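Shared between the two complexes below is subunit A, which has subunit B as its partner in the first and subunit C in the second.
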Partner chain A sequence: MPLSYDKPLTMKKEIVMESIRNFTDPSVIKEELVKLYPPKVAKKRGKAIVVNDPEEIPQVQANVRTVPGIISQRGCSYAGCKGVVLGPTRDIVNITHGPIGCSFYSWLTRRNQTRPESPEHENYMPYCFSTDMQEDHVVFGGEKKLKQAIQEAYDLFHPKAIAIFSTCPVGLIGDDVHAVAREMREKLGDCNVFGFSCEGYRGVSQSAGHHIANNGVFKHMVGRDDTVKDGKYKLNLLGEYNIGGDAFEIERLLDKCGITLVASFSGNSTVGAIENSHMADLNVIMCHRSINYMGDMMETKFGIPWMKVNFVGAESSAKSLRKIAEYFEDDELKARVEEVIAGEMPQVNAVIEEIRPRTEGKTAMLFVGGSRAHHYQDLFTELGMTTLAAGYEFAHRDDYEGRHVLPTIKIDADNKNIEELKVERDPEKYTERKSEAEIEAMKANGLEMNGYEGMMKQMEKKTFVVDDISHYESEKLIEHFKPDIFCAGIKEKYVVQKMGVPLKQLHSYDYGGPYTGFIGAVNFYRDIDRMVNNPVWKKIKAPWQTAPADGELEAEYVSQ
Partner chain B sequence: MLLRHTKKEVKEREGLTINPAKTCQPIGAMYAALGVHGCLPHSHGSQGCCAYHRSTLTRHYKEPVMSATSSFTEGASVFGGQANLLQAITTIFSVYDPDIIAVHSTCLSETIGDDLQQITKKALDDGRIPEDKRVIYASTPSFVGSHITGYANMVTGIAEQFAKPDGEKLDQVNIVAGWMEPSDMREIKRLSKELGARIVLFPDTSDVLDAPQTGRHEFYPKGGATVPALESTGRSRCSIALGCISAEPAAIALEKKCKVPFRTEDMPIGLSATDRFIMSLSKAAGVEVPDEITAERGRLVDVMTDMEQYFYGKKVALFGDPDQLIPLTEFLLDLNMKPVHIVSGTPGARFEKRMKEILKDAPYTNFKNGLTADMFLLHQWIKNEPVDLLIGNTYGKYIARDEDIPFVRFGFPILDRIGHSYFPNVGYTGALRLVEKILGVFLDRQDRDAPEEKFELVM
Partner chain C sequence: MKTAKTATQNACKLCNPLGACLAFRGIEECVPFLHGSQGCATYIRRYLISHFKEPVDIASSNFNEDTAVFGGSHNLKLGLKNVTQQYRPKVIGLATTCLSETIGDDVDMILKEYVRLFDEGEPLPNGKPLPIMIHASTPSYQGSHIDGFHAALRATVEKLAENGAKKNLLNLFPNMVSPADMRYLKEVLKDFSVPYVLLPDYSETLDGGPWAEYHRIPRGGTPVNAIRETGMAAGSIEFASTLAADKSPAHHLEENFGVPRYTMAMPIGIQQSDAFFGLLEKLSETPLPEKYGDERRRLVDAYADGHKYIFGKTAIVYGEEDLVIAMTAFLAEIGITPVLCASGGKSGQLRKRLLELVPDIEEKGGKIRDGVDFVDIEDEAKALNPDLLIGNSKGYTLSRKNNIPFIRIGFPIHDRFGGQRLHHLGYRGTQELFDRIVNTVIEQRQSSSPVGYTYM
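Take a look at the complex of A and B:
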């Protein structure tokens, strides 16, 4: 069942796109975006700003270092590793090895929700653990302090796993966190201790940290527990971090369809589930950027194919469920999925019919993440809104242009030190789920196995794609296009709102959500309707600032 | 339970900090630099630091927080960050056009030994700094002290690098603001005006981090201490430092460089500390205290006398930053309450000594500061000796909910409420606000828990 409100959408949207096409020559706007930069910087930024053509996708510069001094949205490797990938697993004690700040800033700030099985089950997510490195540790080394911290954490909590995260000074002073981890793992016996060299200076953004996290989770967790779980259709959900309860909604849908979720990487997850994840028969990937490495590595070692899904947007959610059913090639499952979709869509349609007359024809810009700027365009499409410009904060070219460009991506000095694990087929644990021929047949049938087409293919001609957008560039884009809504993160939130444009946070969801699945789509429709139609935006000027300046003040009482 | 793994039994810890009552130096430096007009803070380190600090300050203020970064990569970490900072200075002046760049270091640049003084001098020699522009700096290693230390270091940098000693003495008093909110700074200025005292307040984040919605983003909002005002601090009659940890070092620097004598007062939070501030300022500026301020004080004391029954003997646990905890503890004692547990992650003998003075008649108090003086320990203390009230930043809400304790948000950061940037905690008015908040949570609790027959209309 498609979205019911379809035809008028296309008409209005066409009008908007027509007006964009007739707008100022995009190359003129592009020039404006880099005008104030010193010449070398302008040249470099120019390669990251492209005008899209979905038929002939242009190359976009991505995953290169930010020019010092540019106000960027980006964070660091530690944030990508500890904050994004490892943070949402509730029963690991995550110890940050370094001065206090890094652990403090990543303490509960990402809104990863989790639901322990019972009040007695472990949940360390509300806690912040740090070695609180001091000057003498920087001078004389911090390994002793780190061992002490691990021992104290073990004595206090007896966790199943302790992970160590290196911050900038750790790499420089030469603390070997991996050796410490090995030593403590042996000493403690029943606690899996492992380290991540995710110093903030590694790579050029959070992205390096994702990769480092993937490697560590793969090496130290995946494949440790061969228990066979019940379930006919078993999959892992990769790259879903349960912000605002997104994973809960996906879990609800999978459950309704009778699909067994073995592990999620890593929203609402546990150590045990991840250790058992190689027993699933399919990996579905939400956030391609942060977790695609895991999909590839698990396929090579254990024989689990992966496919890209998107549970952001009602139609995308339906499509993703259908893709999963296709993969399992089971009529019962296909029928069940159709039933579930048919059961969910009426409430979605009821809301979209109410809301769309108020959102249709409006415009959006999305500059966020490594997948969200793509996924959320589906929701805006459902609202009848047009995405004028979009870009990622820390993505690579494949997220923009599609995975077919992977062989052509050059590895530069900043990325060459991020370890590429050499993965081989596990002689005992590898099981072929689908033969190569079966995968090829699926691809031929339109099922995008082990692939991702990227964001630009979906975007209209002449829209803007900007990687690692700077404050200055976003300000200029807003001035030019005056979008009805801008999507980014907390650092941009109030800057853009001060310009009179509502900003929707797509990292924290402005403390709302979930936005996945059918319930999430409805939540998003309502939130966007509220934001783009809020009367407060018309109240910015005081009445005396907008009143016509004719006549003199009526100061009669003065003379009386 | 949210903090289900926190058990009553306290074990000595040396290696592990759990739920810290502090964060790192650079965020304090960034906050301080925002209190200078036309200034862009710059974080000399990897870009994650800058992103984290901007995010935390933004969540606390719900306002734009602009700052740039040297965006270190592995190369810069090995070969030194000079090239990054030089390029950053050029880029910033051409794109963002600030009057001043205030550079602070990070644990990364400190570990590799970058010398900010030398690099900024090189930038000047290379002609990267336009003639009427300035680059100032402060060394703020994250592995020393806390965010409060970083604030103090940047404020000291501001004082040292702007103040000019030469020229005639001016009939004005410097007030060095310890780490307080823009609302507090606004209130200090109002009280000074009411007193008739001519002051230079720095840093001053009012009209920066509480900017109005105008439909235009002002990259450099109208507030902040101006360069001429900062230059003139070297010729002021004297300085009053509000806070022995976060403000005094800047006053000492001014004395050393420009021979401006100073006096340190506790931050004027609560009755007694505000009394001392008013007396000190009236003396320093040579002005009488006007009746209006006496009346303001009287209104506060009136509420304290009228509602005293609700405060008496109530046990309080608090955590936060030194210059706020010192006068707050004193105020709780003035209200006849019992501050039984206090922690602060900020180290320092000076802080300990001042707390001991304040707590001399409260031998029952558990107080710890510095390493492992964290919220995990505070929570354990609370489990051993329960309290009637918890005061601290937003992270306290996890303890408050688990232990079902009335909770007043106070300090940094407050991520889940507004108000702190608009309504002051300092001065008599600020104290009245605190009293109202504390009383509010007590009486709400009584209303919630009272059996129907004991439910009161008048309280």
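Take a look at the complex of A and C:
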């Protein structure tokens, strides 16, 4: 059921064109962005700053190391592995092996929510465990202390699983966390202990940690429990980390449609669910960047196809539910999905009718994540707002340009250092869910099976795409485009707001959310309305209102 | 709940380089720079930013696997050059991490080589003089954030302080306090008409206004030239109870330039504030300005008015050791019994210094524990059943679980607005703390009362 607002939710072409026409020719702006750099850097950055054309998508430089001394918003491998992928599973005890900082900074609180079955059920997420490595461990090795820490955690909680995460010094002093894990797994007997070599210096960004985490979860957890659970339509939700309760809203919708969620990777998840996940018949992927490895590996080993979905945005949620129903090829499910959508949309319509007159024609920029900068454009479209520029912090080219570029991505020292698991069809546990012919037929019918088109296909012509944007570049873009809202994270928030532009955090949601599904869409509309129409911004004079356009900026930049 | 004795569960301390970055943020036109993985800079930025709600740029030498094996010299030099080109800083505050310390990078030597490049004719970045590079050794496997804070300041005066004819000038090393505390200290010194150097001073850099023009580096901070003059000052006051002499910037100035060092606890509570203001009167030969006499009188009056609500209550206080000592003395002064004084830090001085200020604390049943984590504190809390929990945001979980009213002080404050504007020091800061404590007790009584009194 389409939204009932008198203008369709998909944006009117005239509005978009007007938003974009008002600005200088983007190629001129791009030239200006890089002309102030020394030639070598200008060349390097120029490859990461492109003017979009959805018909002929240009190549974007991505997943390339940040130059030392350039302040990037990127995190490290440890953050991606422990913080993002493993952190949200509530019944694993996560032990950080290293000095105290890394464990403290990745102490989960608000970012990932979880709902234990009862107050008595296990939930270790409020805890933060560290071996708190001291100087003598650096000198004499920390394995002994790590073993003691594992034993203590076991004695205290008797958890189903204990995961160990290596921080920078661990690899250098030669502690073998995998050997320790093996030894303790055998010793404890009923506790699955496994380690991750996710030292912060590995790889380009947190993305390396995602891959390391995918490998470890696949090797040590997936496929251990063959119990056949009830349910006609069984799927796993991959790459949904339940920030602000996003997974709860998706769970609500799946439940309403009669779809069984076997496991989520990894928001609101448990060890048991992940161990049983190979019994599902479909993997749906939210965050392509952080979890696509899992989709591919499970397909090869167990025969479960995967499908990219997006539950951010009301229309996108409806579309995603329909895609799932298409996959299961079941009329009863299709009817049920339509019924659910029809039941959900009136509340969405009521809010959008109230808010859209205040947001229509406004503009946004999104520089966040490895998938979020794409997903959230749908919500802005629903608000009648144009995305003028977008980019990711830690994505790869396939997230921008689509998976068809995968074979052409250059292998460099950084991605070579991350293990590619050799995965083969499991002789016993592989079951073909759909034949190759069936998958091809679905693709022909427009279902994006085992594929992802990327962000740029959806963005308008002449909009900007910038990977790993620097402070300087974002200031310059803001100065030119004067967007009504900028979406990024806490590290950018207060710089952007100093310039009089509201910044919406899309990592932590400014402690709001959920923003998925229909309830989430309504939350987001209201939050954006509150931000872009807030009177406080009138009190702040932006630098371009007081300084001559090109006056103060001295932007000589990097040299290598 | 049993407690792990080997592992740390829910740490009550942060890491060494964080403190160094915070201190460097308080030097004018200084960019903090971490020699290590980019994740360290990112995590520490996130933590500082979410407390101060201000931009915090921290550069990094972005180690990769090769750097980790072959050394960080190339990355460090490249990083320094790029930071200089982009930010044109006067100072780069360089702090090491566990990674660069583990591989044993000789940072001083790398810096010498870097400077030599330009001496030998390499064009200077931006054609400007090289920034001053201050190097603090802050491996995260030693100590905690407070050690990094002091290490950065010690390295700063070691690098910059100069000898010269003594001046009418007072150095003040305020310890890790809030921007609001720093603004107050500057107001006090101004009112005493004492020329001063406050180091660090992040009262503006970490609590400033909107930018009417672009700034690469936020305005404010202690100017380099002022730091040079610390060697010529008539005295240094440091609010540091547990800081070892060989780590103290004031001690360096005393040893090398004969600047007398006055070490005292942080001025929280009347007794400690009296000591601070008394010392200022003596050093400046100026009587206490009336304004502060008034503040003191109002505070005494408030103590009298509020004592009935809080007398005999018990409290757990935790945080950096120096903060815990000063807060404990204040609590004892207003009739609250500190039943546990706890810190994740471990200078070895906590008990000794605390007993100097509150000699009967242990007789009254107060426990003093260093090197603890939040699970240790929670275990104690279950046995002690205190009326109040006082410390940073990380205690919230235990406050909620055990239903203990919670008063937030210090760093980090992530679950309330305005952590950077919490005022702790002097008569006025004490007044704010006192009001908050009394109101917390009143609120607790009011909301747990079946009647719902509107007069309390």
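Points to keep in mind about this one:
Criterion: the second predicted complex is superposed on the first by the 522 of 560 C-alpha atoms of A that agree within 3 Å, B and C clash if a C-alpha of one lies under 4 Å from a C-alpha of the other, contacts with A are read in each partner's own complex, and residues count from 1 in each chain.
Note that a residue touches a chain if its C-beta (ideal position, glycine included) is under 8 Å from a C-beta of that chain, and two chains touch if they have at least 3 such contacts.
None of these values were measured; they are calculated from a predicted model.
Superposition of the two structures on subunit A shows subunit C clashing with subunit B. Once the two complexes are overlaid on the shared chain, A:543 sits against subunit C while remaining clear of subunit B.
With both structures placed on the common chain, the touch criterion links A:153 to subunit B and to subunit C. Applying the stated contact rule after C-alpha superposition, one finds that A:98 touches each of subunit B and subunit C. Touch criterion not met for A:459: it reaches neither subunit B nor subunit C. Once the two complexes are overlaid on the shared chain, A:119 sits against subunit B while remaining clear of subunit C. When the two complexes are overlaid on their common chain A, residue A:72 makes contact with subunit B and with subunit C alike. Overlap of the subunit B and subunit C interfaces on subunit A comprises residues 38, 65-79, 95, 98-107, 126-135, 137-138, 145, 148-149, 152-153, 155-156, 167-169, 171-173, 199-202, 205, 413-414, 417, 471-472, 475, 489-491, 493-495, 497-500, 540-541.
Across the complex, subunit A is touched by residues 1-5, 7, 11, 13-20, 22-27, 42, 45-49, 51-56, 58-59, 62-77, 84-85, 87-92, 94-96, 106-108, 110-112, 141-144, 146, 211, 213-218, 345, 371-372, 376, 395, 398, 415 of subunit B.
Residues of subunit A touching subunit B in their complex: 36-38, 41, 65-79, 95, 98-109, 119-120, 122-124, 126-135, 137-138, 145-153, 155-157, 167-169, 171-173, 199-205, 413-414, 417, 470-472, 475, 489-491, 493-500, 540-541. The residues of subunit C lying in touch with subunit A in their complex are 1-2, 4-11, 13-18, 33, 36-47, 49-50, 53-68, 75-76, 78-83, 85-86, 88, 97-99, 101-103, 125-126, 139-142, 144, 210-214, 394, 397. Across the interface of their complex, subunit C is touched by residues 38, 65-79, 95, 98-107, 126-135, 137-138, 145, 148-149, 152-153, 155-156, 167-169, 171-173, 199-202, 205-206, 413-414, 417, 471-472, 475, 489-491, 493-495, 497-500, 540-541, 543, 546-547, 552-554, 556-560 of subunit A.
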